[in-house]
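So the structure is just underneath, and the comments pick up after that.
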Amino acid sequence: MTEVVLGINGISKAYGALQANNDITLDLRAGEIHALIGPNGAGKSTFIKQVSGAEQPDQGAVTLLGDDITPLGAVARAQKGLGRTFQISSLAMEYTVLQNVVLGAMGRRGRVMRFFAPVLKDAALLNAAMRALERVGLQDVAHVETAVLSHGQRRQLEVAVALTLEPKVFLMDEPMAGLGAEGSQDLIRVLDALRHEAPILLVEHDMDAVFALADRISVLVYGQIIATGAPEDIRHNADVRTAYLGDDA
Amino acid sequence: MKLKSIALAAAMSALAIGAHAEGLKVGMITTLSGGGAGLGIDVRDGFMLAMKQSGRDDIEVVIEDDQRKPDIAVQLADKMIQSEKVDVLTGIIWSNLAMAVVPAATAQNKFYLSPNAGPSALAGKRCHKNYFNVAWQNDNLHEAAGAYAKGAGYKNTFILAPNYPAGKDALTGYKRMYGGDLAGETYTKLGQTDYAAEIAQIRASGADSVFFFLPGGMGIAFLKQYADSGVDLPVVGPAFSFDQGILQAVGEAALGVINTSQWNKDIDNAANSAFVDSFQAEYGRLPSLYASQGFDTANLLISAAGKADVKDQDAFRAALEAAEFDSVRGDFAFGPNHHPVQNIYVREVIKEGDVYTNKIVGTALENHADAYAGDCKM
Amino acid sequence: MRRETFVNIAALAALFVLPVWANATGETYWVTLTTKVVILAIAGVGLNLALGLGGLVSFGHAAFFGVGGYVMGILASHLQDYVPLLTWPFLFEGSNQMPVIWLVALVFGALTALSIGLLSLRTSGVYFIMITLAFGQMLFYFAISWPAYGGEDGLSIYVRNEFPGLNTLVPIEFYGLCLTVLVAVLFLVWRISLSSFGLALGAARQNAERLQAVGIEPFRIRLTAFVISGAITALAGAMYADLNRFVSPNMFSWQTSGEIMVFVILGGVGRLFGPVLGAALFILMEHILGGMSEFWHIYLGFVLLGVVLFARGGLMGLLAGREVSHD
Amino acid sequence: MPTYLIVEQLLNGLQFGVMLFLSAAGLTLIFGVMGLINLAHGSLYMIGAFAAAAVAGATGSFVMALAASLAAAAAAGALVEILVIRRLYDRDHLDQVLATFALILIFSEGTRWMFGSFPLFLDVPSYLSGPVTLPGGIQYPLYRLTIIGIGLAIAAGLFLLIARTRIGIRIRAGEADREMIAALGVDISKLYTLVFALGAALAGLSGALVGAIQSVQVGMGEPVLILAFVVIVIGGIGSIKGALVGSLLVGLTDTFGRILLPVAFGTFMEPSAANSVGAALASMSIYLLMAVVLIVRPTGLYGRA
């Protein structure tokens, strides 16, 4: 059995009377893409917040490479090697594409408190940034202002920034959201290659992408995991079909 | 770009008679905009009235607005000294602005005649041979209030003032002459407008009288609220809260209140009645204390300019020291620290027709000099 | 050349040439007036680092301006009155040397900003605007009622402090010194804006969540920017006090905070030379409109209103167009 | 300190708080609905006071004066909203601060231009002047009791307006989602003008009510503005309930700070110095209160994140 990189052990979160996440347990192992799917309102956003460190679970624990990271906030988790992308592109819109990725490279290397040297003349940072851009195919728009990028390019830039962090695990929140068929195919190729660098916990709506990429799939419904398994198993799981896919099976 | 450059007549008279025909340039820095502009406008109007009456065409006055900001006042002083090349500065209303401007002006060998502010430092340790105060030292009117309270037999006064240097000077000045017990001593926030808590303390303190120094809107608010509270202890204060300009805003609440002043419009002398009449004729309102001070300041300057050339500093200074002009206050003389030695009167607020004003009911201090003259080494 | 660079160079050239010309023609007052512009521009450049780059709308920068002013006032007055400032742990008699005063002002400005920032940066938006205002007001009332250094009367110094090798009493020499400091501060802020820290600070303004996701704590970045900004503004405060040879609680007032903010907005938020243009325009308007009418604040009000409503991006926006990102 | 004095000071604190609430309510309403920081709120307060003083001087009627204050401030508010403010809703707070700062300059000097530099007279009407004796033998000015009454009535009225009326529903809907309410066919710009005029009228009324026992002069609005900001920031911006609680807290803190701090320092300092230091701290007390509240609750007592 391969090593568990990211472990989610029985986390629960309630907002008042609403039990958004209820005793969720799943893990992410080296080299795999583990997808989390579920209908709207199933509690995926809440789940992401607890894994990324934006919110603390009421119960349960999150571990990274065996270390308990539950008490850590988003910044500390990022520093420990959690690389996340956002559902709605969360970029510095006034910056160029290059500046956005350099920001990631800077964070990765802890080269933040430097006040005098122009950051865009730092060869190490620039190289790392350009490498990330090349991987997602954005090298040609490196000097373009982010605000003028197309939606698809922004999604790619999200992934590129996460790449510069050289994380131990990727947490991707609907990276395919809003992409057309062609854009999705490009990004699927990128992610497919990525799993060998670091495993990906993929929260995704796009079923084609999920079934094309995932090694395992977990299904979240009403705050609970109702099934975990290989894509083929999930595809034929009766509970999933009833509860999630809405089939009349 | 000056606000008003008033050459009182054509400058052709430069060839006029005598050694002092060089011309004299006066820079007036005073508060003409924002809160407190009323005081500056009165000083300016009183000053310019005297200038007009003198008919002297060799004295030029440059007027600028300090917005009641000390830094602006300093910069205007720099401008007047550097660009306008004035010989004499005057006009400042507020002590804190005077503290900013006067040392700088005198250090650059200019004369400064104060028409209103008289901070203790400038009367004592930091006095200067070129600095003349034509109004009063800050403590004077408060000392007079203390002397009045003593004479009136008050034994247990409640005193209050804002928590800033002039406020502390006021209470110190009052205590210097008063000598009785204090039922309470309270410092309020500068700019405070609600005095309910202090009035409750006064009511509970068992005081037999109240002394307060709250200039401007603070005094208006205090008096109205005090009158409305039902506390009916006698109130004493310096003239500043009972001046012509703000008395109408206080209204009935001020009636009968005792206050101390070195001037009132009913002081019986020819200069004063002429001043009161001509000021009313010129500006359509009764002159205030500040207008009288502006008027006196100008007349002092004119008297000195008649005797000596300002370029001859020693002679001009001696002419100022002599103070040979008809003050609207009656007798006027300078003490050794160039601050006035003068009578300070007790006034009562009365109503004349529809207008609230003051009448003199007694003299609190005669030929009074200030307490700091001893510290002054010129 | 980019238009903004061209405007910057023109502004700098004007600051070099005009006062020298005024001095040569005997219009010394214009030298003093330009000195005021330069010093207030330094305060604005300080605020612009927090406000423009970092998006921290501080309505309390008068706190730092005032601290700088009082550092000058206290150090110089102790020396002037022969009352040692410190007798323990070492004897310190105060100072009339600008480099010493400036250093102390920088340190105390930074410390003040650190303590205010630690508390107020926990809030954001309107709350941040208001809490910084509250801290400014606290210092204002403290300065008014603290008797040791003059309270509301303030402190005045007989002679302008000294700078080695210069006669600071000569307006043009003092001006040259101030201009040098402005240029140095502009250079520093320019480099900061290009540095790693500057990149992170701009990101903190645009998208704090993004910054967190790359493992950088926005609070730390903002606090650091606030401290540098406070220190620069305090330096300007010390110089302003020296220009007037006087310091008063007025430097702490909320109107002062408002004016520093006006310089930044008038000139162009986040633009390197914005505060320089803003301060120059403001002082010029004060001077010209003030000469036209007692009620000149009305005109000033209309001009400011016009800038906000119709000239977004301030004067720099008008002259050089919208800021374009580049790298 | 005797009990009756404590009770009287409690009343004073309450009364000061209610006065603050009157000026803060409009400010918080405007922020809550339109998300606008209005520094010119103090100017509307001043306009109300000046209108009241002018009308009281001409007619001698205090009721007419109050009506004039409402009308003048509401009219000024509506005018300013239409000409200036509505261009600022989509702007960031920085633009709003600068534009309304400019409005302060225009209003203040404009008022001075119209009414002159001296304070105006406005007094408590004879039927409300003088003290009444309360149970327990406390003498308390009738006018101040009236202010407490009016303030509490306005607070109740605002709660009802927002909770029960159609306009209130629209206001709440507007706070929640501007596009939604526009989609429902409500004329959002009319609603905003209305809310702004309402906030302005409240400010004007409080200026007139307070002006009668303070002083009606140019610049009277700015200290009140700063206090009103302290109040709504403590209470949570946009919350009427927060404004009420915040103003009472500020009123009580300020009143008792002024009385108790000098006494407290008097226990170990000589009286004159204790008074001075106590007063210094008292003048900072409400800002300290605000800082503490924000440090514990960064969005105020009843604020939303």
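Each chain gets a letter, A, B, C and D, in the order it is written, and its residues are counted from 1.
Keep in mind that, in the parts below, a contact is a pair of C-beta atoms (placed from the backbone, for glycine too) under 8 Å apart; a residue touches a chain by one contact, two chains touch by 3 or more.
Not measured: the values here are computed from a predicted model.
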Graph distance between chain A and chain B, where chains that touch are linked:
2
Tell me, please, which chain's centre (mean of its C-alpha atoms) is farthest from the centre of chain D?
A
Just to be sure I understand: the centre of a chain is the mean of its C-alpha atoms, right? Then which chain's centre is nearest the mean of all of them?
C
Counting only Cα atoms for the centres, state how far chain C is from chain D in Å.
32
Could you tell me the distance, in whole angstrom, between the mean C-alpha positions of chain B and chain C?
36
Roughly how far is chain A from chain D, centre to centre by C-alpha average, rounded to an integer in Å?
49
What residues in chain D touch two or more of the other chains?
108-109, 112, 276, 279-280, 283
Of all residues in chain C, the ones touching two or more other chains
141, 144-145, 147, 295-297
Those chain pairs that satisfy the touch definition
A-C, B-C, B-D, C-D
In their shared complex, at which residues does chain B touch chain C?
1-3, 32-34, 37, 64-65, 69-71, 74-75, 78-79, 82-83, 95-96, 99-100, 103-104, 107, 119, 121, 163-166, 168, 187, 189-190
Sort out for me which residues of chain D touch chain B in the complex.
2, 4-5, 8-9, 12-13, 15-16, 19, 108-109, 112, 116-121, 123-124, 129-131, 139, 141, 143-144, 210, 212-220, 223, 255, 258-259, 262, 271-272, 275-276, 278-280, 282-283
In the complex of these two chains, what residues of chain D are touching chain C?
31, 37, 84, 87-88, 91, 93-95, 97-99, 101-106, 108-110, 112-113, 226, 229-230, 233, 237, 276, 279-280, 283-284, 287-288, 290-291, 294-295, 298-300, 303
Show me the residue ranges of chain B that touch chain D in the complex, using the header's touch definition.
33-35, 37-38, 41, 163, 168, 185-191, 193-194, 196-198, 200-201, 203-204, 216-218, 220-221, 224-225, 228-230, 245-246, 248-253
Residue ranges of chain C in contact with chain A within the complex:
191-192, 194-200, 202-203, 206-207, 209-217, 221, 224, 324-327
